[in-house]
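Below is a structure I'd like to ask you about.
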Amino acid sequence: MDFASDNRAAASAPVSAALAALTGTAPSYGADDLTRSVERRLCDLFEREIRVFFVSTGTAANVLSLESLMKPGGVVVCHADAHILADEGGAVEALAGARLHGVPGEAGKLTVDTVARAIGRYLPAAVHHGRPVAVSLTQATEYGTVYRPDEIAGIADIARRHGMGVHMDGARFSNALVSLDVTPAEMTWKAGVDVLSLGATKNGCWCAESVVLFDPARAEDFAYAHKRSAQLISKSRFVAAQFAAWLEGGHWLENARHANAMARRLADGIVASGRGRLFVAPEANEVFAILDGSDVERLEASGAAFYPWTASGDAPADGRLIRLVTSFATDPAEVDRFVGHLAG
Amino acid sequence: MDFASDNRAAASAPVSAALAALTGTAPSYGADDLTRSVERRLCDLFEREIRVFFVSTGTAANVLSLESLMKPGGVVVCHADAHILADEGGAVEALAGARLHGVPGEAGKLTVDTVARAIGRYLPAAVHHGRPVAVSLTQATEYGTVYRPDEIAGIADIARRHGMGVHMDGARFSNALVSLDVTPAEMTWKAGVDVLSLGATKNGCWCAESVVLFDPARAEDFAYAHKRSAQLISKSRFVAAQFAAWLEGGHWLENARHANAMARRLADGIVASGRGRLFVAPEANEVFAILDGSDVERLEASGAAFYPWTASGDAPADGRLIRLVTSFATDPAEVDRFVGHLAG
Amino acid sequence: MDFASDNRAAASAPVSAALAALTGTAPSYGADDLTRSVERRLCDLFEREIRVFFVSTGTAANVLSLESLMKPGGVVVCHADAHILADEGGAVEALAGARLHGVPGEAGKLTVDTVARAIGRYLPAAVHHGRPVAVSLTQATEYGTVYRPDEIAGIADIARRHGMGVHMDGARFSNALVSLDVTPAEMTWKAGVDVLSLGATKNGCWCAESVVLFDPARAEDFAYAHKRSAQLISKSRFVAAQFAAWLEGGHWLENARHANAMARRLADGIVASGRGRLFVAPEANEVFAILDGSDVERLEASGAAFYPWTASGDAPADGRLIRLVTSFATDPAEVDRFVGHLAG
Amino acid sequence: MDFASDNRAAASAPVSAALAALTGTAPSYGADDLTRSVERRLCDLFEREIRVFFVSTGTAANVLSLESLMKPGGVVVCHADAHILADEGGAVEALAGARLHGVPGEAGKLTVDTVARAIGRYLPAAVHHGRPVAVSLTQATEYGTVYRPDEIAGIADIARRHGMGVHMDGARFSNALVSLDVTPAEMTWKAGVDVLSLGATKNGCWCAESVVLFDPARAEDFAYAHKRSAQLISKSRFVAAQFAAWLEGGHWLENARHANAMARRLADGIVASGRGRLFVAPEANEVFAILDGSDVERLEASGAAFYPWTASGDAPADGRLIRLVTSFATDPAEVDRFVGHLAG
C-alpha cells in the first residue's frame, strides 16, 4: 500500500528490458543514434520540429526551461503550491536567477484572472519590481487536476500579450494527456506553450527527464546552458533507451491510464467508505482526501505509506489532508486493501 | 577500434544485471536501503565515516565538491588542462562562483612548486585578487598519469598551510588506484584529500557519479546544495544498484586493471611499431601518442575512433598528438588491429 | 510639495560642506584615516566592537547583509511588502541566492506569530523546501511604523531558536531611533540583530550606505564578498566624510526628528481636514492616507508629488491609498500648503 | 610623492564645486534633469545615440558591460593582466557568469594574433569548452600603454567575425584619448566597440563611473540588470553633477593631459637619473620602472608611495619592477623630488 509517491515505483518491465539490451560502444553526449531517434520520435509525436535535451531530474528540467525564458529582473508567475516554488530547494532562484511569484488558486490551478492580477502587480513597468517574463503551469497540477487546452490557451494568451513565455512542468504530462484525451500538440504548443519539462521517470522509467523546446531557435543557447548546468549526461543512450521503450507502442499512455484508473478507484473507495471526503476531484493519478486523524493513524499503522499535505491556503478544519499517489505499478488489490482498512 | 573515450562503453554485464533485477517500490531521494548500504560499503572501503551523495555527471560532482570548499572571492588552483577548467562549459564558475587558476605542468600534474607559486600570486592577501580556497587534483590526470600518495600529501600539505581545501576529481579514480596498488584511504584522506568526485560511469556503469565527503560535518549544508543544484535523483536506488554491483567482489578493480592493461598494450604496440612515440608514459587507461599526420589519417580511414589532443602547452613539432582511451570493455584484438594498421 | 520620497532631497548643508572640504591624497579602498575614524565612531555609538563596510545603495547593503547569513537552500523570512521583496528587482535572489518568503502583517510588521508560522512551513526539515536561515526586519517599516526593541527581541528569539540570523534593513534607521527614543544598541544587537543595513542617504547624505556587522568574526568573508559584489568604492573617504558629518553633534538625529515631525504634522492636517483618513498611524517619516480619487487628482494638479501605494493585502474599498514621505529638508510651509489644498 | 594610484587624489575643484552647488529636491533613480542632460551631452560627445548608466565602481561598470554581452557558456578574452581578471575579486565570474580567458601580451596589449589564437582554442565549437562571446580591451591598458584605433578595429573585426562583442574598460579612457589625440567616437564605436566602461573617478571625480551602450536596443534589458546588480543609485544627480563638471569646457581632457605629462616627466627623470630603466614606454599616466632593490627601499624610506608590480609574465631579472601612477592632481615638484631622491 505505497501511495507516498509515483517516484517510488521501479522502472516498468519494457523499460527495464530495453536498458538490459544495450551493449557495445556508442558516441557519448547525445551524438548516438538512439538519442537522435528519440528526438525524431518526439518530433513526430508533437507534430512539429522540436529540440529535446535529456536531464537527470525534474528540477533540472524546470530550471533549464525557465532559464531559457529568462531576462534580467525576470519574475516567473506560478501557482503558490507549484513544485518549482515549494519543492525544489531554491534551485530556480539560485540557478536561473528568477524570482517566483506564487499565486493562490483552487485545485492547484492558475486562471486567466489570477495570472492577470499577478502581472498587474508589475504595471506600470519599473525596474524596482522586476518584470514578469514567464508563466509556469504544472500539468497535471500538484493537486492531480488538469488544465484543458482552452484553459492553457487563455493563460498563454495573456502571457503573450505581456511579452512573457509559457513553461509547462510536465512531470506528470502523460497522466494529464490521457485524462484529457487530447494530442501532445494540443496540450502544448498549439495552446501556446514554449518550453516543456517532459518527465518519464514517474511513469515507468528510472531516470528519464527532458526539456522540449518548441522553438528550435532556442537550441543553440540551450545546449551551452545545458552543459554549464552539469546536466549533459555522458552515456546519453541510457536515457534514450528508457524514452524509446516508454514511447514504444503507446506504453507510456497505458501506464498513465492505469495510474489514473487506480486514483479513481481509490477516490471512489474513500467516498464510498463514508469515512472521508475528497479535497478536490481527481483528474490524474493523485488523490487528496480529508480523513479523521484517528483513521489516518490507523492506516499508517496498517502499513500504508502516504504523506500529509500542507496546502498554501487554509487547512481544512474538519480533518487531516493527505495525499495519495498511484502509479503504473499500483496493484488494484493494494487500493482495495487500503479502502478496506479505512472502512474498518 | 573505439578509443575515443571510456564513456562510449556500455555498462558492464554485472552492473546491467543488477539494474535489471530491481523491482518493487522503495523510498525515493536516497532514503532507500540500497542507497544506504552503498554508503556503508564505501565507509568500509575508505576505512572512515564518510558521507556519499549521488549525482548524474562528473561535472556535477566537481561543481558540488568545489562549492563545498568555497568562500567569497574563492579561487581554485588546478592544472591548466584540468577537466574542470577546459571541459565543463564554465559550470564551476557559474554554479560554484569560483575562479579557476590553471597552472601548467608536465604530464598533467601539479607539483608542490607550481601550486606554491600559484598561491604566491595571492600573497599578501588582498580582496582585489580573490583568495585561493582549494586545490583540485585529477586522479588519474587528464594525461593518464597518476599522483603517488606522497605527491598528493605534499600538495595537500601546502594547501592546508594556506587554509585551503583539497579536492580530487576521481572520474578515473579506479584506474589510478589499481595503477598505484594502494588503498582508497591512502590515495585520499590519509594524503589530505577533503572531498572526492568518485566516478563509476567511465569504468562500467551507465550513470553513477558521486561526491564523497571525508568530513561528515559538511553533509548538512551539502544536502541542501545538492538539492538546490538539481542533482537529487528521485529513484536513487537505480544509481545505488550500479555502485553496489560495481563494488561487489572487486568488479571495479578488475575493470580498471583491464582498461589499464589495454592502454599499456596499446602504448607498447605503438612504440614497437616504430611509427610513433609516446607524449607521456601511460599509467592508467589513456595513451597520448605523437604520430605522423598521414598515419593519423590512415588510422581514421580504417575505422579507428580517437581524438586529436590540444595541450595547453606547446604542441609537438614533429607530428600530431592524439589521445587513445581504453576501457573495461576494450577487446585486446581491437588494440592489436589498431597497432597492425599503424604498423602498416 | 515633494512628498514622493526622502531620496529626492539633496544632502544637508553640513554633509555638503564636509564633502567640499576634502582635499589632498589619501589611501583608497577604505584604508584612509577618515574611513577608519567613522568605523571607530560607530563602535562607540553601538557600544560594541563592530565592523562597517560602505556600499553605494540600500539594495547593496541588504544583499550583502543577507549573503553574510546565507547557507545553501536558504530562505529569508520578511514582510510581504518588504523592500527586499518588492522593490529591489530580484537582487537578493540573484546575488545572495536566497528565496524570500513574504508574510502578510498589519502595519508592515512581522510578529512572533507570523514568523513562527512561516518557519513552521519548513518543518520538519527537508531539502526539498529549503530552510529558513534569516529573518529580515525593516526599521522603520515600509509603512512608516516601528518595531519596539521588545518586539525585535521576540522575533530574534524565535529566529535564534531555529538557528536563523537576524537582519535589519535600516534605510530609515534614524527615523525609527528617534521615534522610539532608544539607543542604537538597544534597537539592534541587544535585541538580537546580527547584521544591519545602516542608511544615511535618505536622511541627509548623497550616497552613504553601509553594512554593520555586530559579529566582527564575519568580517573576513564579508570583505571578499564586498569586493566581489562590485561594492568596494575606491575613494572611500567621500562616503566616510558624509557619515562623519552626519553623525557629528547629533546631526543625524536632528534630521530624523524633523522628518518625523513633518510626517506627524502632515498626518494631523489630513485628519483635521476631514477629507481623508490614515491607513496606519505614522511613527516615523511616512504617511499613508486614504483619500477620495478626486482629491488625489486635485492635489496632483496643484503640483504635489507623491505615489499611489499598492499594499500586498486588500486595497481599501473607500478611497485611494497614497504614500507621503517627509525628510530632513521638508519645509513646514509645504506641509501646510498640501493640507490647505486638500481641505480645499 | 604619492604615486600609488590615481584613485588616491581627491575630486578636482570644479567637480567639488559642482557637488556643493546642488540643492533642492529632484526625482531620484536617474529621472532628474541633470542625469538626462549628462546622457545628452555624452551623445553629442560620442556623435551617436547612446545610453548611459551610472554605477559606483569600475568593477560594477565592467561586470554589467560584460553581462550585457553574455550568453550561456560565455568566455571573455582579455589580457592576462587585465583588471577584470587580476583585480576584481572574481566579480565577473560570480556576477556575469563568465569565464575569463587571459592571454599574455607585450605592454599589456592584446593583438589580432593573440586574440585569434585564444578564439581558436574554442574551435570547432563544442559545449564542453564554452564559447568566446566577448573581447575586453583596457584603454589605457594596465601598463599605461594605449591601443590605436586601427589596433582596436583589428581586434574588433576578428571578434565580430566570430559573433563576439567588444568591451572597452575605460577606467583611464581620458588618459588614452588625449594620448592618441583622437575623438571618443574614433576610439570606440567607430573602431567596433559595443560597450564602454567610462570612468571619471580616477581623473577628477569622487565616484562617477558609467556604462555606455553604443546600441540603445540593449538598454531595456540593461536597466533591469542594472537595478538587480544593486547599482541603481537613488540620488543620481550627485553622480550626474560630477560628470557634468568633469566634461564642462574640456576639464576632463585638461586633467588627463596633466596626468600624462606628469608620467612623461617622471619617466624622463628616471631614465636621466641613470639609476633605472623603463619596463615599457609610458603612453598615458602610468610609469613602470625597474630599479635596484636598494633604490626602491630608499625611495620608500623617503616617503614616496608606489606599488611593486607583479606581471603575469616573467619578472625582470635585473631589478625590481614598480608601478608609479600620476593624476590630474600630481604636482611637478613632487615628481622632481622623487627623481631627486632616486638620483641620490
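In order of appearance the chains are A, B, C and D, and numbering begins at 1 in each one.
Note that contacts are C-beta pairs under 8 Å (C-beta built on N, C-alpha and C of every residue); 3 or more make two chains touch, one makes a residue touch a chain.
This structure is a prediction, so every number in the text was calculated from the model and none was measured.
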{"item": "Greatest separation from chain A - chain, by CA centre", "value": "D"}
{"item": "Chain pair, C-D or A-D, that carries the greater number of C-beta contacts", "value": "C-D"}
{"item": "Inter-chain centre distance, chain B versus chain D - centres from mean C-alpha coordinates, in Å", "value": "41"}
{"item": "Centre distance in Å when chain C and chain D are each reduced to the mean of their C-alpha atoms", "value": "34"}
{"item": "Approximate Å spacing (C-alpha centroids) for the pair chain A, chain D", "value": "50"}
{"item": "Contacts with 2+ other chains: residues of chain C", "value": "29, 73-74, 88-90, 94, 127-128, 130, 224, 227-228, 232"}
{"item": "Sites on chain C touched by chain B in the complex", "value": "29, 67, 71-74, 127-128, 130-131, 221-228, 232"}
{"item": "Partner chain D, residues of chain B touching it in the complex", "value": "73-75, 86-90, 93-94, 97-100, 121, 127-130, 310"}
{"item": "Complex interface listing, chain D residues touching chain C", "value": "2, 4-5, 7-11, 16-17, 19-20, 22-28, 55-60, 63, 88-91, 94-95, 201-202, 206-207, 224, 227-235, 238-239, 329"}
